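Have a look at the structure below before the remarks.
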């Protein structure tokens, strides 16, 4: 009502991109809980979608543990990551990850940021992630590593403003996943379902790669080659709906929205 | 009723092999959920049985996450993997794995296909799976690796037609388990209970072999020898009923069918 | 009533050692479920106690998955592992593990046999288990490995008769835990609580040793020394009651007995 | 009422520091259950807080498995770890860990002791823990290892009296976490929420470091540097409230207090 605080640097609360269908807000809240149930996020991490009707707006929960998010916790943001309707609710410090990716990548419709534990090692040592099986085909194009220290020196590691978000986005380029040294990773996609799928299978693939590397002990790994990956990723974007359907059904059985 | 779509290449919906006892359909649906509960399948993977009365038909769920399958989701297929009673329900793309194995191996009565994560590394590096303990005795005869690239070049990795199913079956030979490079594996058996048992213990054995290989660091592994394996496998096929009874009881406590 | 089958080799059903307090039967049934809940047993494995009033009798569930055992499933056996009151209920094939240990070790009051997965590697490669922390102090005295092949050649790996039980018991000697090559392990103790504690912490210790060995990569491991182990084990047998209390409470909340 | 046993070496039951708000006792009991739910403690381990009104008193559960603790189980202790209100309830043998840290470190308001399994290896081999990601920033300052054997020779490994607590505290120095060789670890903080956060993320960080070390196989690890750690830790102490909120909410949904 009358409580929205001014949070925009320019001084004005940005205008909303319009009402979002309730089912879509529920899907986004469910995505938070799915990521928690799949072990991709714990008390931290977040998922967003681009506003379905306004490409220069995005939607993300208020600063809250992912397993607790409900549709009422969703806030709308502009491309500078200023909230349109915070109404006093605190925002995630790292929302600039989302805002800057939406700005730089018009085809991206959803973004997941997590500290998924099996993935973190690949940002700490010089061993590239590779696609261990068809479900992780999106990894075959390469997973760059963003080291915030290179441009910003010693920081708290968080992507907590636009320049850091821009730097991350530049390292990410056209890839679907980017690692953040000593921090976590970001996965994105052309739909919420695909971004969640990629966040989950980045973690699963990391576990498989750990075991494969240990088992092979330096021997070559017959991972997906680029053409296989291109073909498999196309199938995944369709068949992935089956995993989403499972995960969404499980959330639906636990909440009343 | 009047909705069955023509899906057979020859143009006709194949005739059913006859009514299947309700308890057997429930067992097959339960097997899907058992494999999910045991971590062998996630949103993907499938299990089938040969039609109990018609050896040239098999039964498998419609394309659906295994944890959600109910007896009403079971479709009947002919040996070319054409559905007899799809009634508009989509089929798994990789049903040809099942159809071709039933065609080539008359003694096989059930087939499981999964992407069980500890198993995948053995298809990616040149380290053969070995039987780490008596429950995994079926592995001692060797687990061949099917690399779809050898015959079909770059694909989406899926066994999505008969020729690919035939190629997989040829590599599998008379073995109970076959690995699929950068994809997953297939386990089969002379009963549904045995096929599920083998899928579960292929995954358990893989985990044990990872730890054994790391611990031994190249030292010899005193795995089952072929004669021990032959004797142990015979016992497993009887005693394995105890595991099935546990798993089936757990599913029964969760569903109303 | 009138159904007991003769199962004794000598032709007679052995006489019972007397009625066992209901609470003790419930504890034994609960121990089965505890071992399942702690990941020590799956569909297989068993736990027994010596008859509280008759040292030449022991009590163990009928052949049944440990997670399903109730007090009504408990059968009494003599030292030759002949059932006193089977009443047609099938016995575990490997009950001779228990019978022979009770015969050879008068101080042992409870025995657990399992295929606990992190433990199996230590029976397959030549790396001895060591006590990684005070709760696993009982391991410091050494964990011998029984290889059934040495005396019996190629078998199905099961300790399915008295001579095999005797051979296992001879290798075990005065130790609290013995590994069985390509099979599993046995833990015992002067009380049910202690035997269950040891089975659980053998598995926990194995996991810790896997990580320690990998981390140290050949460097010395500052495990418990023999005198520390002797002192710590004494404390564990008292403080271990706290773990039993937790586990027993959890079972009690799930069953009506 | 009339049952309190004299447990103070000086012969008198110490005086209470005053009534503690019920909500704070509930938080402490919940912290026990949170640590159990997060896999940091099992049947053993304990958490304490300094008395909010009396800096020379602290609060900790009676000797009980952490998952079972309720607010009624909380006992108050003086700095010598003598109970003020035991009323016959047994105390943890290792309460001296807590008492001596509160004595030596006035800024510490909460202490957790655990045997969290991924952490134990770092006390057994000469590989220092390092901060693998921002949430574990508190580790970057170094994690010393207390080897009780150095000062006390062969013991049962327990910190079961004041001199052992003093020795542990001396090795700990100003660090937030200390490892105990062949035993476990201690984490502390300026609030209950921070101490629990550190205990949880010490375990998570240990798992990540195991995988990183294996993956890198001796290659340098780009862990947090000291200045990054200092900055990140400050943020964690604020943002960590979000994890606590999640964990506390989950406990609240399971108990009636």
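Order as written gives the chain letters A, B, C and D; numbering starts at 1 within each chain.
Quick note on the criterion: a contact is a pair of C-beta atoms (placed from the backbone, for glycine too) under 8 Å apart; a residue touches a chain by one contact, two chains touch by 3 or more.
On a predicted model such as this, the values are computed, not experimentally measured, just so you know.
*Asks:* Spelling it out: a chain qualifies if it touches chain A and also touches chain B; which chains qualify?
*Replies:* Looking at chain B and chain A together, no chain touches each of them.
*Asks:* Copies chain C and chain D touch; is their interface built from the same residue numbers (over half shared) or different ones?
*Replies:* Looking at both copies, the contact residues mostly diverge.
*Asks:* Please compute the angle of the rotation superposing chain B on chain C (C-alpha atoms), rounded to a multiple of 5 degrees.
*Replies:* 90
*Asks:* Please report how many Å separate the Cα centroid of chain A from that of chain D, as a whole number.
*Replies:* 33
*Asks:* Could you grab the centroid distance between chain A and chain C? Build each centroid from C-alpha atoms only and quote it in angstrom.
*Replies:* It comes to 47 Å between the two C-alpha centres.
*Asks:* For chain C, jot down the residues that touch at least 2 other chains.
*Replies:* 214
*Asks:* Please name which positions on chain D make contact with chain C in the complex.
*Replies:* Checking each residue of chain D against chain C gives 42-44, 63-65, 67-68, 93, 115, 117-118, 120-127, 147, 149, 154-158, 181-184, 210, 213-214.
*Asks:* Okay, in this complex, where on chain C does chain D touch?
*Replies:* Touch list, chain C to chain D: 131-135, 204, 207-208, 211-212, 214-216, 219-225, 227-228, 231-232, 234-235, 239-240, 242-247, 249.
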